[in-house]
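I've put the structures underneath this note.
There are two complexes below, and they share chain A, which is joined by chain B in the first and by chain C in the second.
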Partner chain A sequence: MERIIEQIPRFFTPGNLWLLIESAGYTLGMTLVGCLIGFLLAFLLVYIRQTPGYWALPIRFVCIAYVEVFRRIPFLVVIYLVLFFIQTVTTDASLFTIAVIAICLYAIAYTAEIIRGGIESVPRTQIEAAETMNISRLQTTLTVVLPQAWPVIIPPAIAFAVSFIKDTALVSQIGVFELTFRGKELNNQGFSGILVFGTIAMCYFLLSFPLSMLGQYLEKRLATPRGQRRTRKVRHS
Partner chain B sequence: MNYSFQYSIVWENFGALLEGAWLTFQLGVLAFAGGALIGLVGASIKTFGPFPLRLIVDAYVIFITNTPALIQIYFLYFGLPEVGVRWSSEACVLIGLILNAGAYLTMILRAGFLSVRRTELEAGLTIGMSILQQIRYIIIPHIAKSIYPALANFFIVILVMGTSIGAVIGVDELTGQAINLSTVNYRWLEYFSVVAVMYVVLTFVASIGLALVGRWAFRVKARIF
Partner chain C sequence: MPHLAVSDVRAKYATVEVLKGVSFSMEKGEVVALVGPSGSGKSTVLRALVGLTPPTSGRIEIHGTEIDYRSAAAVRAARDQMAIVFQQYNLFQNMTVFRNITLAPQRIKRRPAAEVRTEAERLLSLVGLTDKIHEYPDQLSGGQQQRVAIARALALRPEILLLDEVTSALDPELVNEVLDTVRRLANEGMTMIIVSHEMAFVREVADKVVFMDQGEVIEIGPPRELFDAPKSERAKDFFSKILRH
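Presenting the complex of A and B:
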């Protein structure tokens, strides 16, 4: 215990703090980039998955299999697979890129389910109406389905990204300079484990807690779908 | 890409991987059971408990759910020996996972507790049920039905995401075994692709088992996919 108190002034130097802020930036940036790309690709996956017709059956099967398989493999295994697969293709990919690709692959599988849930919450009749007016499938998705699906998709997608900030701690295993890796480094420099990992846990808390609050706020804001709000207003007037 | 896959080495050591899978399963079940116990106590306190206790449970849930499980386990493994508490790596992972799962299960079970309507409890009281009977015949069937899918889903998360963290501090579960074996002969891609398939099979078996139990015990239609 005395050791910890003795180490506190040596631990919280401007240099170490700057190091922690920098690595927190890495953690956040990695998650953000990975989840954003993953989110966009998940849209594509869901769009392809919902292709109508018998000829698209194999494509649909592949999309479903992708989502099911990646939701059942640990993130650590995905990281190792991506790392060693990419190293057989090219030797000069940075570890950050590899981490982003792993996060992206994982995020696709999880957000695809969220997006599918949102899209399926749009009443079927609206899509049929659009079909009747001879609007193409892409246009129906962009102008009819998505505007109504947003409020259902956004809050859980943000919640996923926020909870993924914590899961990216595993990326430290392949040596990306993010918070957990810095923590291990500082611990190896001889600082007390309680002090170091307590501080790192606080850093994660400071990243994750405000964002999860924001997510909950958005969830409340978007709780009633826009369409319903409008119809209610019409009925009263 | 010029890489020749050689799966024969993996099949030679398949027994070790199977042992790892068994340990993964054990860790997952124990962590889930311990977490469910904490969750039950936590959710009861949050619903019925007095003010200071509720605050403690709230702080526990908020702190645990906003920090990574890996850091919690590191804290147990690298931090606690300094104050004289030395646990083996298996114990660290198990205790860390139980604490972690406890917080998430508190939230899930709390949602279940809230889904029980007050009038139903009052109706139970009217026909002379004791508290235990109320819990047994009113609350548990209710909770089981409304949150069984969430619980089953969380079990899979613990089984997969949770236990694989153990590999980082040297527990020989499925991922850990794969790391051990592939550092010997550098067949990372082969080992990890086989391990990935094993995880998928393991979780599918668990999902189907849970869906059957749910249908048999609580008449829940849990989806496997």
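Presenting the complex of A and C:
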């Protein structure tokens, strides 16, 4: 304990703080970029997966297989797979890029199920009405289905991203300069593990707590069609 | 040549055959009512016409042209000529009344915005809901929603309007406002196929009644003949039960 107190002034130097902020930026950045791209690609995957007709069976199978396989692999294994796969293709991909790709691949599989659940929560009759009016499948999805599916999709999607901020600690294993990696580095410099990882834990909390709050706010906002309408009006005015 | 000819149409839900060879025809401006016990396949006839439950065999012709339900283009062309109103209205919940009515005419039929707007206003006044133009479906009563649904279908300018039990989901006191709208359309000469349990209404507006039971057409005739002097046993049985009071 005395050792920790004695280390505090030496630990919280502007240099170290800057390192922590920078690495927190890496953590947040790769999570947001990875989850955002993953979210968009997941939409594409779900849309393709719902292609009607027998000719689309192989495509549907590939989409389902992707989701089922990736949901059953530990994230750490995905990271290593991406790392070694990318390294056989190109030698100049940055570790950050590799981490983002791994996060993205993993996020696709998880958010695809969230999105599919949201889309399936919209009554089939809404789609039938659009169909008889000759509104195309893409247009129906964009103008009829998704606006009604948002309230079901957004809260769990944000919850996924928020909890994923913590899981990105695993990419420290391949040497991305994110929070956990910096923690190990500082620990190796002789700082007390309790001090270092206590601070790191605090950083993770500070990153994810505001996002959780945002998620809860949106959940309340989107819960009723009227709430949704209010958001829409605000956006239009 | 009849406006619409349905001959020996069969259709299935999964493996259950719900239409076992249905035939009838209608002229332009006629109102045909499909009646019969629940599960007799009346609604499925309408679903088959618009390709939601495509026929597995048989012929459906509009103006003598057969609709090939395996061809997406042919189904689109058929849907251009028919509009359906559903029992549960099926208005797009995320859109205002105005947008519900104008979406397809503007985006799909590519009619000029000003024209579509004027027509939407005219249709809303026809169904008596001018003041609800910017409301959302969940702010309207069932009867109002159903009248908007009828306006939305009319905005597509269909040659044939299909009404699938449009009053069945409504509270009794809201039934008349919807029937009034349908009555007005009939008087204006709209070609319609009506699936309905409102026998008094059918007797009043229909030119022809098609009585169905268990996926088959049992008897066809003018309402007076069919209601008062049905020839078949099944029709006799059904009408005696339903018209008793």
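In the analysis below, the second predicted complex is superposed on the first by the 224 of 237 C-alpha atoms of A that agree within 3 Å, B and C clash if a C-alpha of one lies under 4 Å from a C-alpha of the other, contacts with A are read in each partner's own complex, and residues count from 1 in each chain.
One rule holds in what follows: a residue touches a chain if its C-beta (ideal position, glycine included) is under 8 Å from a C-beta of that chain, and two chains touch if they have at least 3 such contacts.
Since the model is a prediction, treat every value here as computed from it, not as a measurement.
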item	value
Dominant contact partner of chain A by residue count, chain C or chain B	B
Which of chain B and chain C A:189 touches, first, second, both or neither	neither
Chain B versus chain C as contact partner of A:205, first or second or both or neither	first
Partner chain in contact with A:132 - chain B first, chain C second, else both or neither	second
Which of chain B and chain C A:143 touches, first, second, both or neither	second
Chain B versus chain C as contact partner of A:13, first or second or both or neither	neither
Which superposed partner A:170 touches (first chain B, second chain C, both, neither)	first
Touching partner for A:80 - first (chain B), second (chain C), both, neither	first
Chain C-contacting residues of chain A that also contact chain B	none
Complex contact set, residues of chain A against chain B	1, 3-4, 64, 68-69, 72-78, 80-81, 84-85, 88-89, 166-167, 169-170, 172-173, 180, 183-184, 187, 192-194, 196-198, 200-201, 204-205, 208-209, 212
Sites on chain B touched by chain A in the complex	1-3, 62-63, 66-72, 74-75, 78-83, 156, 160-161, 163-165, 167-168, 175, 178-179, 188-189, 192-193, 195-196, 199-200, 203-204, 225
Residue ranges of chain A touching chain C (in the complex, touch as defined)	125-126, 128-135, 139, 143-144, 147-148, 225-226, 228-229
Chain C residues within the chain A interface of the complex	50-52, 76, 79-80, 82-84, 86, 88, 90-95, 103-104, 107-108, 136, 138, 156
